[in-house]
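Just so it is clear, A, B, C and D label the chains in written order, and each chain counts residues from 1 on its own.
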């Protein structure tokens, strides 16, 4: 899937507790997880953890990690403890106050919070809190968590306050809460979003994906379990809490399809072999006579390798990616055909000329980009174009922390596979079946959240409270 | 007084209600009031005031108005209503979240808040609010006002909610609160900080100083009275409320001495003639045989004109100001004598050589800058140097919205006038008497706040709640 | 004269030879001379002067000194020798390649060149050089000097090469040429533009104005004489050369009227007393009954002091300058009257109301700004406005290094004094006479260049070589 | 080959003659060729080509195309004609004046020049020109070309002047010269560097690689021939000239090995199949028992595909590239092992664990990066590592426009293949033979420049003129 017509992960998380270069390591961990969020990044560190006040330090910006921290002096983020966050934002919500970690001073002291996911009862909680006198400084759903912690009874322990808070929120969340003298992480009982734990030189590390650990040379310990809360303090072993009566595991299957880096482990399994098996299953389910298999780089590459191996058709690079595409470019006034796609990918005529081509991608969202790509392949001389998608049709939006178009914009929600084939102008089109997908993952059918393919939302859809409920600071 | 060794005003305010270029006019009004705060500036506008949600828009930055709004596109701040703020910040507290206007969504809707002044019971209120579950996102004392409004009973009118809030705060404040469909301004019952009202093309305007009205060609109507709250809504006459049982007028006399622009009116009186009379009184009280009178530019100029006229001694420009001094400059490693002062002012030997010089300034804070200036005058050939200060010795810090050094750093708090004269190396030194100051202002002695000269704090000093009470997000 | 309607000096120069912080001192000297050019600044340093190659280092930018060198690390301009330049540029010619010092490698080695002034035979020389095969990389007239030096015979000494070059150029120039092991400065035989010499800790310093020496605490030695060339080398006394058969001294009188800082010496005389005497002469020549004298700040202030003293009328600040005006500001769409002027100056009604006002300025260029100012004074309540200009009418453009409008745009070139008075709407208008001007300067009438007042060009006007002669790299 | 340890192409060229959006198209063409030079970019356009003066417009910067032209307003580069350039610079020579296109006004009018390649007699020509009085403003070898054109006899036609100039220069060059009313391109008689011609909507286009044409949807016509000069003018067919008595074709074989994008044609042949055949030849020449083949992304990918196909071993992604690596990143103080490599590539343990791995790269330069990569592969569990390089050992530096380390830094110049294998710690190491390389290219052995593998320099090595010959403006 090309950027601009894709599902967008909303966040990547990173925490380092107990390392003299904590903020620098968090920065590197976010660097490795940049693919999880490219519109904003922030790091908060804390030092002086002995004194009651603590000292929090913050640096945020609305750009890539490499831009926001260019020439940054990490002595401005001192301390042995730090958490950080990269994020996407939906159009209109791009303002610095929304960039995480959020920070507040509350009854339980100071907190920095980073959140991957989306709460489905945030509007209702927010309305209640506001009615009770809370003030909201951001339009982020994550801010309700701070208020809930703030309102905990005075005499209960910090852990208990957080437990009471997370019991009130519903939705998808991997949460990091950094207090003056401890960091707490929590995964929702469905375990929708990933979160793993590692160690480096005695420090405890949390990250969304293991590729962040790999970059640091840190040791991967295990995932934070669905419904588990882990508290880390100096000089004490990490302690686990289980705030929820029951967990109902349902991790996001789309992490395997698209989001996660192929060299990561998420949900304790390696992404690369799963993604490759998707291609293999696809070849088995929907083989076709062809001369070459080409991936849509880079997200389709692993599945294409699997497809080609299984089908015994040579893999070739029929689409070449321009690695230097910036965040914006200036289009010529007179339209060059398929320009927006061409700046990123060029069809390679030498490979395509006269060939029957299988092109492998991980999804078709609106269909417009696929249509342009197919046009480029044909113009470059492809004799036949067979598109193979390494997941089922995406028919439904995500409410659990992924930025997707509305249902009516998803081409598979209103067109049959045949109609899509006609629209994007391919000789044949096939998607991996739901069964094939689970086979590739090696999991029981239905054991993960696959709502974007099925509309089955394991923990329900958002509670709305009427129009105009959303604050509009732009 | 040269920048760097001075009392610093903490804010300038500007509001425009009911003008299609509201944000642009606020920008210009802040431009005119840049002398009131040079480290941060923000503007919030609101449009779509009919719908219940309203739409707030914000632009902030940590620099001068001309820098933060360089090439700014004002269509990003649409709407007929806007408020803005310029501010100083104390070292360490410089971060964007603290730049005003503050914004929050609360039970009474959305609010933008701008505050000039300082609350003396903010720490206590904050501690209480936090205990009750409030979350604080800034280290600003102004944030408590948002919380107090947020906690008002659900069924009371907006005006009543604000009245209940301001009744709880103590200290110096000129406040602007912009709601979706109305703006409210309040001055504390002592009227410590200025706030005036004007009109332009049917729009209502509020500003700290009238120079902001002059730039727009707006008509000055009157000051907001001490203890008065004014509410402005579309299609309704501005309405006044008087939340306080009693007012005890005590406006800041230092506005006349130093802060306000000489072409402004503050507290309904023109600054220029008052400041000039200070010089005249000073000449009467502390005349001396001399050849020339020179001001310390630019703040001492008006008083120097008064002094020279009264004394019948010619005014000359013995210190020339470099108008292009940026916010920082790179000093040579080997110390050039008095360098920090010289980059801003140069002694003019042609004027000073062999002369008996009266140098007029508005205050001596720490004494270090005055000492350097006198050194420069002597090096340039002055035969005698007589320093005359157009206000009494500044012996006490301000707790009402002015950034002053601690008492023990104020030279007049620990040295007699003779000792100061010796320290800064002048042939004679005299300050204007308290009586002379009030005579120049044409007000009864003691009718204004003169705590920085007397230590008499009309509304008391801050309520402290123990060390470590201050949050430490840096 | 307000910026935007004024004559513009084209350059300020600074050289430091033989100081371990040479570049930093040059930077400070340019800082002090920022009023001589605000659109570009550059510094070139040289180290390793023993080796035949030398090492030149350069930093340039198109902005104020404080912007271009913000956070600059002066270790990037190493060496004991440096020259620098600030400049105005005419519209369209603003590009970095034109910012001086220019740099080139030529037959005589490497050179950095800084030039204040304007050559009147540059077009002709350029055309000849180009015909002979020279390539020009800038549109600056100064580049011809590099070519002329480059073409000197191989076996002649460096000094002789420079002498041969300057003998070919005609016009106004104070020149600095920095070679690997020596710096040479030259003033044209008419001495049109200033250049002074000083010393600091054994280093030799050259600057356009003495205020640059004052800032460093350097000792002023003397001016470089008209037609003199001085060569400074390590370990040798500065050596003077006189390349011209005759000198015909004719320094620019407008330096005294407007350009130079009042605390500077130029042409070996202090500016301040001269400028003040202009006001005094003006009061004698063209006195008028009035209540107050007000300057147009800041350039009219010194003359206004002289006028007020001589006339015995009190000086007041009737126009207040906003010190924070940036290089651009965003105007509101609907026109606020006189906006462009008002952002810089505000009329002070308290001073002006009901008064007969003498307003003193140094010149009237196009007349438009003066007209707006007078309008502001009247609107602020002035009963009568009498304008007094501390120099004769400016009727003719400058070809010697000052950026002036074309003759037909100078109001005094096509309107009589009475007509100008009517146009700008004053009750009376008077200019200082040419005789009065020379009296103030204490020089013989006609002994300086006063072409802008008389059209008498002491060294002639530019040699043009037909249209399209100007290269057009924009 | 990873950036940081690689051979660096020095330039990419782009010209558009006769299109209303000329500059925008040049920008896009440079965008597509960003891989040819990432440290500087410039575009020069010309309009008003009828008038004798013409009007040149320029924009340059020291960064990536997307940075230098971010938010750029292309109306500042008006005209139907434009040329542009991307470049690498060697350390120390990074300054804006050296960024091309160079511009100068010369006897033949104004010229903008862009050059890909390197002149081997530039020092000598430069010395001669300087001796004759030329001034050099850059340290670029390309500037001599401007001087040679400038010195052509007055009465000869422009084409003749350029012909005389190029006959004097020796070395590698693809040159673009834009005059007011025509553009000329020349390739050196050995045709060392590529240059192709295309058309779009009647406009003539020149580019280094055809991928630039593809992006615009332009039609590829043919290559400019070695030793050919083409002149393009409005309303006239492009005209060819052949300035040289003989051509001795010897195009750079390394373009096929590494520089060119795989979807480009250079020297009239497609890169992709050639590069893939290199992998196939390599498998034939140096097969090895193994479980998987992995490329070093991205430059090794195409050869790896060829190798895997020929060897019948599955291709896998054992090294994952981080696509968001900025130009700099902040390393932690305490060394993380192999950090510099890891920020760009991560070894994928899931793929490598327990496997016998063939890793395919295009070259080994210093050996340090390869050593780190192998270390990462082993740490990730690879049981055996066999490195295969798709070209012969690089033993000699390039003098023809590629930035290579000195000979003594090239590991293959001082170590045998066995020694290199030991140093980088592989189980086996093999390079493609020279014969195999030519076979892949389908060209006669020795028919191209392969000096970096053989030390046979087809047009000789640079003429040096003694030390200190290089100017040193840093």
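Things worth noting here:
One rule holds in what follows: contacts are C-beta pairs under 8 Å (C-beta built on N, C-alpha and C of every residue); 3 or more make two chains touch, one makes a residue touch a chain.
Not measured: the values here are computed from a predicted model.
Common partners of subunit A and subunit D, by the touch rule above, are absent. Subunit C and subunit D have Cα centroids lying 48 Å from one another.
Centre-to-centre, using mean CA coordinates, subunit B is 60 Å away from subunit D.
With centres taken as mean Cα positions, subunit C sits 37 Å from subunit B. Across the assembly, subunit A contributes no residue that touches 2 or more other chains.
Pairs of chains that satisfy the touch definition comprise A-B, A-D, B-C, C-D. Across the complex, subunit B meets subunit A through its residues 48, 51-58, 95-97, 102-107, 110, 130-137, 146-147, 150-152, 154, 468, 470-474. Interface of subunit C with subunit B (complex): residues 21, 24-25, 27-28, 31-32, 34-35, 38, 64-67, 69-72, 74, 211, 214-217, 261-263, 265, 270-273, 276, 298, 301-302, 305, 309, 314-317, 320, 322-334, 336-337, 342-343, 346-351.
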